[in-house]
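What follows is a pair of complexes built around chain A, which joins chain B in one and chain C in the other.
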Partner chain A sequence: MGSYQKAIFIAVTFLIVAAAIAGCAKNDKIPVVEKEIDLSGYKNADIFITPQELHDRLGQEDILIFDANKPTDYPKGHIPGAVSLGWQSFCDTSGKIGDANWGVTLPKEELKEVLESYGIDNNQTIVFYSDVLNGPGADGRYVWQLRKADLDNAKLLYGGLELWKALGYDTDTEPVQPVPATGLVLKDYDEGYNATKDYVAQNLGQTKIIDARTLKEYEGDTSRGEARGGHIPDAIHLEWKELLNKDATPKTAEEIIAIMKDKGITPEDDFVLY
Partner chain B sequence: MSMILRAVGFEHVRNYEASIYEWSADFTLPVEK
Partner chain C sequence: MKIKNGLFVKIGIILVIAGLYIFIEPVQITVKRLVFMFSMVDVPTMKNYILSFGIWAPVVSFFLMVFQSVAAPLPAFLITFANAALFGWVKGAILSWTSAMAGAALCYWIARFYGRSLAERLVSRFALDEVDIFFQKHGKYAIFIARLLPFVSFDVVSYGAGLTSIGFWEFFLATGLGQLPATLIYSYVGDMLVGSVKTLVSGLLIIFALSALLFAVKKSMREKNRLPGPQQAGGENSAN
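Let's look at the complex of A and B:
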């Protein structure tokens, strides 16, 4: 080996070692035990997608990902390929807070057009996520809006962006533009998902109601724009965070059933949540 | 929260979407503190 070849050999060896060290350093971010998340305790586990499954399917054409964080948080880091939706993209926000229909899901025909503009059709898996603990859950709201229109491929990312990052999966800062779709078919909304003002008023004293806001709001705080402070009569207080662990994952089915039982509600009950 | 409850098996949870904002703005309806 001449001195020139020797120099090349040393340089190449150095690069390989450097790459290996860099690779190890990167791997250090991934937890030692990266076990598959077991959702089998949830009766309707198909509502969730695990971060592992989403990671495996990144870049595939049969999956769409939507970021339900504030649009100002989206550029700080989002799941690769995710489109920013903000909080109320599928709602009527004409008029002002407190008006009839303000903040309510768009009528079916209008929702169809908005969903198509975001590239949604009947064949894809549609994933919504947020920083769960910054909620309460625009991501869950989107899943609810799509599932009541019979899009059962709408899913909530288990553990949200928090768990995604904790598992060491990458985020991206480049904005992603949706590619519009056509031909989406929605069904009439399943009214079993829904309670209107009239429904609640007519069933006062007969149906159980959960107020999922903070205790301060339940007790009269109006800083979110409520015209009057307080809660619907006889509503039971259960703050949304009570169903979550500190790492943003949902508590187990057994734990949630116990929490609900403590509030007087069983899985068979027909009840209202707000 | 309603989707987590549905995942657990509470399949008859109804989301009052217009929520307390609509309710509290209708002065014919009662609120409690």
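Let's look at the complex of A and C:
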């Protein structure tokens, strides 16, 4: 081997190694989508936190993450630092399952104690997520419960655990324990977030009602032990999945408005969901 | 003729149970709700449920434990924790222990009476095969060891045992002794701090340590008397 050839050989080897290292480094980062998520089309876009932002803020002290998947799915992989909640942690489950009001949001004082035991105070950004496409949307329910008590820093992870994983971000299998906090201040619940049974009964035929369950449930399935099958009279069926893309992200505002329009509902309408 | 009568009884019992479930709506609703509640894996919810029966709470707890035994995938520790929180850890442990024994005995008899095909339906074929291998490997001690190991399904072992030649009283004794440490630890932990995963984990670790120790002792014992070892016992296990 002449010295010229040797030099080329070394150079080529160096290039290959460098390329390999660069390739690996890239793989460690984000293999699929790198584009920024644009939330500007949504009217209440502040309910979302993007996976990119969450990833950047991972490990910071002003952010709390909660896993709303089934407790049995949590150990299979959760976002690092996330605490498991199941679906009922902020609900009143006293009495028997199936009793009236079993599973509604805890009263304010009790909710405050529970939230504090999970380390929630008024300064934290509180992120909830789940495997969105598996349902039943306990993450959304948590955001709703906290915002009802004026914790507007409660956020839903855009695209859920599915998009998080698709972006190549890490998950963890070790359980995480919450660190309790004190001094949380909650406001009286904003009743605009609720429609009581009486309200619905009185406004039957006037207020539009959307049944967001599966078609089977809408048509009378009782496989979860419902006392009676079926739906509220005149309820419109719009399954929750219909507003989601296949990658677990929500459809665009325009798409959602179009879908709702097909069901006879405009953004100006008052309507009740269940 | 005798076989025919036996068959009638077997089919009859299944039909009665299926009939109760299908035609009596409250039964069906209750079962579905119980399954849903168990799937929440939440001790406070279980506690509230049992508590809501007032004076009948211990009885309901007993039947819940038997129910979760027969429906194998449902987790028993929920009831054990709830019992401890409701009745104190000593009484809770006694209740959990007795009801789990009743449940185990029922599973054993179901498997013995109906044989493998039904047991497979109630648990899963895969799980049952695994238990078979376990029984073949450890012979007589299998049940005792299985009861100590927190990750071996209690109910699948009960069904599996009913399919082997192991006698009922031998099974019952091994079960009673084997599940004692786990019941005590779960009850003690459950009484101190309901829902705290940290203590649960340490409890699990203690059980695991104890079982590992026993495992080691057993293994060394087996190596000592290698010659009359349990290999021959393997063939006779596939009852039915």
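Heads up, the rule we're going with is that the second predicted complex is superposed on the first by the 244 of 274 C-alpha atoms of A that agree within 3 Å, B and C clash if a C-alpha of one lies under 4 Å from a C-alpha of the other, contacts with A are read in each partner's own complex, and residues count from 1 in each chain.
Operating definition for what follows: a residue touches a chain if its C-beta (ideal position, glycine included) is under 8 Å from a C-beta of that chain, and two chains touch if they have at least 3 such contacts.
Fair warning: this is a prediction, and the values are worked out from it, not measured in the lab.
Student: Under the stated touch criterion, name the partner, chain B or chain C, that contacts more residues in chain A.
Tutor: Counted on chain A, the partner with more touching residues turns out to be B.
Student: Return first, second, both or neither, reflecting whether A:Ile97 touches chain B, chain C, both chains, or no partner chain.
Tutor: both
Student: I'd like to know which partner A:Leu273 touches here: chain B for first, chain C for second, both or neither.
Tutor: Touch status of A:Leu273: first partner only.
Student: Of the two partner chains, chain B (first) and chain C (second), which one does A:Ala195 touch, if any: first, second, both, or neither?
Tutor: After superposing on A, A:Ala195 lies in contact with chain B but is clear of chain C.
Student: By the touch definition at the top of the document, which applies to A:Ile265: first (chain B), second (chain C), both, or neither?
Tutor: first
Student: Answer with first, second, both or neither: which of chain B and chain C does A:Leu243 touch in the superposed model?
Tutor: first
Student: Kindly classify A:Thr105 by the partners it touches after superposition: chain B alone (first), chain C alone (second), both, or neither?
Tutor: After superposing on A, A:Thr105 lies in contact with chain B but is clear of chain C.
Student: Once the shared chain is lined up, is A:Trp87 touching chain B (first), chain C (second), both, or neither of them?
Tutor: Touch status of A:Trp87: second partner only.
Student: So, A:Lys70: does it touch chain B (first), chain C (second), both, or neither?
Tutor: second
Student: Under the stated touch criterion, which partner chain does A:Gly59 make contact with: chain B (first), chain C (second), both, or neither?
Tutor: Neither partner.
Student: Do any residues of chain A touch both chain B and chain C, and if so, which are they?
Tutor: Chain A residues touching both partners: 97-99, 222, 224-227.
Student: Touching chain C in the complex: which residues of chain A?
Tutor: Chain A residues touching chain C: 70-72, 84, 86-88, 93-99, 175, 177, 222-227.
Student: Per the contact definition, I'd like the list of chain B residues that touch chain A in the complex.
Tutor: 1-27, 29-33
Student: Under the stated contact criterion, what part of chain A meets chain B in this complex?
Tutor: That would be residues 42-45, 47-48, 97-105, 136-137, 140, 143-144, 147, 156, 192-197, 199-201, 209, 211-213, 217, 219-220, 222, 224-235, 240, 243, 250, 253, 256-257, 260, 265, 267-274 of chain A.
Student: Chain A touches which residues of chain C in the complex?
Tutor: These residues of chain C touch chain A: 29-37, 39-42, 44-45, 48-49, 51-52, 197-198, 201.
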